[in-house]
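Input: structures, listed below.
Note that chain A is present in both complexes that follow, paired respectively with chain B and with chain C.
Let's look at the complex of A and B:
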């Protein structure tokens, strides 16, 4: 009866839509407009400069670095975040005792604020007196500059990936529990080994869940900001550890070049759309097996 | 039943809509009473106390740089507590924070969108260019038309020094600052080194400390290279050229900035100076792992070892034009009242009273505590530490006090220099490129 009349439906949908319109779509369009002007401060449009900001993006080496870093991060999150989560979920689903314990332990890092994790790892990486160098010195080794140009990217990736493995672990584990035991029983009667069961039964039946996890991981990698910024503010050292989000933030809020920051924000959205389309094309999550 | 369900659905939707809109708009109740209150506040006030603070329940939003690890944080909080005790109907919502680039940008954004606080202690020079552009401050003259005794004790020189770039006074200054080279004297004594009052003894100290496993200079090139940029430029260029705003970077500025790269290549900075945070760099100095740190008067109060730490004027670089006792310093912050509070009859007197409590001679003496410059006439406290005395001596002996570069260049231009410091020491950008780019940005903003 309710759905015969559209008015109540529209009445309920309207407030949410109004919020999205005011706080998302209008600023989004405004931001695109801002990117075509030279801005003074955060509001004043000083001079129309057309595509000048977008042309600058083509020559901005630090932007290229941040784009490459973001793409690398996407690949690494798929392989390591989702990959490790899958491995852990398969292992945990096969144990009878302690399942709840492992679920809690692996999920726990999600609960910790990313800023707190970043500050913690900062203390680990400190050259003078950091936990890692103290450990090295205990074994008579020389301290290492963990955030040097050659190693900084890896040092940022490690906690970023580690902190979210638990999230995908729980999703995949839930997906595993939806697979009926009868299928495994029937397979084992037919002589299927554990490894074969994983490859021939588990992975194909987890396809939908894995596609969701990969999509979330990739889009999350594009948006990442808090951990890299806390560990290596302003893409330290020398901007080589910037990601798209951190570089956009630096340009807009540290360099106060608001219009160029607006252009980078537009580029991030475009990149996100392209990446989502590519993922959908490759994974075909709705295709019949 | 159908009509009842329709009624309930409409009620829920209305509640949701009103609920989401409830944060919008300002209260306008009690306008008639407020008008009467405003009339009552239009009377002469005595120094340190504005009469006629409303008895209505109001919230005063305040922001200052006296937050976090700033030595004046506690003293400022005491003023807030005393204010709220005196006026129990006034709730002060304070969101003070130590100043850094991110905070400055946040404040500028708040002013841009009309979310400014009622009272703010903020910069008065070009550091506040984005905020001043919002034109949300009442001028001192306007306030004095209603409260003639407003900030009456502030000396004339302080008013001159704390005028905004357009020459108008809007903020009441409390204390000024100096910048100098903090030295762990005990480390200098240990290696029988003279304090770095000239370039030769500075370089000798850097080399000796480096050889003996002490970090010569604590600095975060990534986060706060600001003081090194300014002092090297002043040291090379001298006061007059340093404080000019040329079209292209003078040779002296370029030469000064290039010395930063030379010092980096000498190993004068921490191994991780490109990634270390400013706080962590400060810890290196305070825990005697580093010998020197270039910072300002606000830093002195947070140093634990007040006995064995001194501060000296930055030395003159080879061929430099700076006088040996010329320093960077000045008055660049003060308490503003926003038009939002001034035009609100319920809040006006409260805002004025809050600023007057913070800027009374007694309170300025507390904030000053012998550190930096005071904006009223004060005597040095009797119980000053050796570091405090060294700071006072630095200020008193200064033959020239020059405002830092960010007082003259707009935020975007100055940020382009500070965020290029790591590129400079890595050799990916030259000093000339960095400085000329900054001057160009500054010029473009004037159009």
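Let's look at the complex of A and C:
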């Protein structure tokens, strides 16, 4: 009865959706439109050029490097971020004391900004007097240039993965607590070992949660910007550590090739949608086993 | 009896291994921050020579440098204004949207719900160029609202979805009783809905604040004047300018980590629960 009269609806919905419209939906469409034009600066649309920005993408070797790096990042986050988180969550669910402690401690890096974490890792990686090289020197080894072409990618991946393990850990742990103890008790009466219980009971029942984690990890990997940018600005050395996000920023806001940047941004959206669809196809989170 | 005792022993070895593995991972998440805090009290020379011991000569120099060369307090203020405004506005608008979409039946409802979920798939990269264009045409580059408005838009859909999840679970009886007593929709919303929403509003608030505070990308593009730098921008700026002064770098990282650490210790249960609850729904 209270909610029969519809006039207040407008007052409740308008401010929020107006914000979304002005600062999200319109820019989103505008960005797609921009990618079909030759732009001078950020404002002036000069000439309709159709798909030529998209054709340029096919030729752009640096973009291919960024794409490959982003795809590699996705794969590695799934395997290591979600993998380590799963392992830690299963271990923590098997202990009684200290659960809250581990939860708090593992989650902590997530609240620290990626900028701060990047700077912190720079202090580890510095050639002259960085923490890693100090360790090498105490063992009498030569210092290593960690940001050289061969190692830079790994050096960026490590903090990116490390800092978010706690996030998936907490999600998975919550999922583990939702599995009833009775199932495990029944299984152990039937002679099931701990290891078997993990494979036969825990993992299948966690399917939905793991799907959520994998989707979040993969789409999250596509959104990284701050950490790679702080550790290896402009894809240093020589653009080989660019990811889709950092490359888009570089093109649009450093090289000021705005329309091409817009096209790359569109590609990021398309890639995100495709990857989510593929994951859902493969993992089928709602399927009954 | 003896069988039970026999059974107990291998379990405790297993436990021990579990605790060791878990402890190792906690070292990786705690030690880097302890390391940086310790090094912030050393001279740069000492950081370069020996970053793994306690300071030989304890010094505040890096912090006095950080505060005198870089206006850190001003950046804290900028960050507080920006992220505080984003948080408050998102809390209000998202609760309103969630209220309307859970309590009313109307034609466009399904479409609006779909639109909200779809907005979660829009990465900031794909809106930033037009947003930059709009903000600079308004002459707003390097103002608070330049960052506040886009960040609000970036957070509303997530926040509305979290709030809707909560509101759906609230029974309607109280609202109906209030209506019988003569309360209008506005009164029901401000006197009943908002107070009841407090726990999930806390979740939304913490999430929005951290997300906004930590978002270098948007702030970097829309704020270029040093006076207006929020903390993330300042930190990046310091690193590009004084990156070789390791003591100063450690102190700067410490200065950004400490406030978050203090808040985290007090609110950690809410934060952990809130961020993950939000993400699952998102």
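The rule is simple: the second predicted complex is superposed on the first by the 273 of 289 C-alpha atoms of A that agree within 3 Å, B and C clash if a C-alpha of one lies under 4 Å from a C-alpha of the other, contacts with A are read in each partner's own complex, and residues count from 1 in each chain.
Everything below uses one rule, namely that a residue touches a chain if its C-beta (ideal position, glycine included) is under 8 Å from a C-beta of that chain, and two chains touch if they have at least 3 such contacts.
All values derive from a computational prediction rather than experimental measurement.
Participant: Once both complexes are superposed via chain A, do chain B and chain C end up clashing or fitting?
Facilitator: clash
Participant: Touching A:236 in the superposition: chain B (first), chain C (second), both, neither?
Facilitator: first
Participant: So, does A:38 touch the first partner chain B, the second partner chain C, both, or neither?
Facilitator: first
Participant: Go through the superposed model and pick first if A:8 touches only chain B, second if only chain C, both, or neither.
Facilitator: both
Participant: Pick one for A:94: touches chain B only (first), chain C only (second), both, or neither.
Facilitator: Only chain C is touched by A:94; chain B is not.
Participant: Mind working out whether A:269 is in touch with chain B, chain C, both or neither, as first, second, both or neither?
Facilitator: Once the two structures are laid over each other on A, A:269 reaches chain C alone.
Participant: Using the touch definition from the top, say if A:122 reaches chain B (first), chain C (second), both or neither.
Facilitator: Both chain B and chain C are touched by A:122.
Participant: After lining up the shared chain so the two structures overlap, which partner does A:55 touch, if you call chain B first and chain C second: first, second, both or neither?
Facilitator: After superposition on chain A, A:55 lies in contact with neither partner.
Participant: Going by the contact rule set out at the top, does A:64 touch chain B (first), chain C (second), both, or neither?
Facilitator: neither
Participant: Would you check which partner chain A:19 touches, where first means chain B only, second means chain C only, and both and neither mean what they say?
Facilitator: In the superposition, A:19 contacts both chain B and chain C.
Participant: Which one hits more chain A residues, chain B or chain C?
Facilitator: Touching more residues of chain A than the other partner does is C.
Participant: Same chain A residues contacting chain B and chain C, which ones?
Facilitator: 1, 8, 12, 15, 19, 42-43, 122, 126, 128, 233, 252-253
Participant: Which residues of chain C touch chain A in their complex?
Facilitator: Contact set of chain C toward chain A: 14-15, 18-19, 21-22, 25-26, 28-30, 32-33, 35-36, 39, 47-52, 93-94, 96-97, 99-101, 103-106, 112, 115, 119, 121-134, 136-137, 149-150, 152-154, 156-157, 160, 175-176, 179, 185-186, 188-189, 210, 213-217, 221, 231-232, 235-236, 239-240, 243, 246, 249-250, 252-253, 256-257, 260-261, 264, 268, 271-272, 275-276, 279-280.
Participant: Considering only the defined contacts, which chain A positions touch chain C in the complex?
Facilitator: 1-3, 5-6, 8-9, 12-13, 15-17, 19-20, 22-28, 30-31, 34, 42-43, 84, 87-88, 91-92, 94-95, 98, 101-116, 119-120, 122-124, 126, 128-129, 131, 134-135, 162, 165-167, 170-171, 174, 194, 212, 216, 222-223, 225-226, 229-230, 233, 244-245, 248-249, 252-253, 258, 261-262, 264-266, 268-269, 272-273, 276
Participant: Give the list of chain A residues in touch with chain B in this complex.
Facilitator: 1, 8, 11-12, 14-15, 18-19, 38, 40-44, 46-47, 122, 126-128, 143, 145, 147-148, 152, 232-234, 236-239, 250, 252-257
Participant: Quick one: in the complex, what on chain B touches chain A?
Facilitator: By the definition above, chain B touches chain A via 2, 6, 9-10, 13, 16-17, 20, 101-102, 105-106, 108-109, 112-113, 129-130, 133-134, 215, 222-223, 270-272, 274-277, 280, 284, 289, 411-412, 415-416, 419, 422-423, 426, 428, 444-445, 447.
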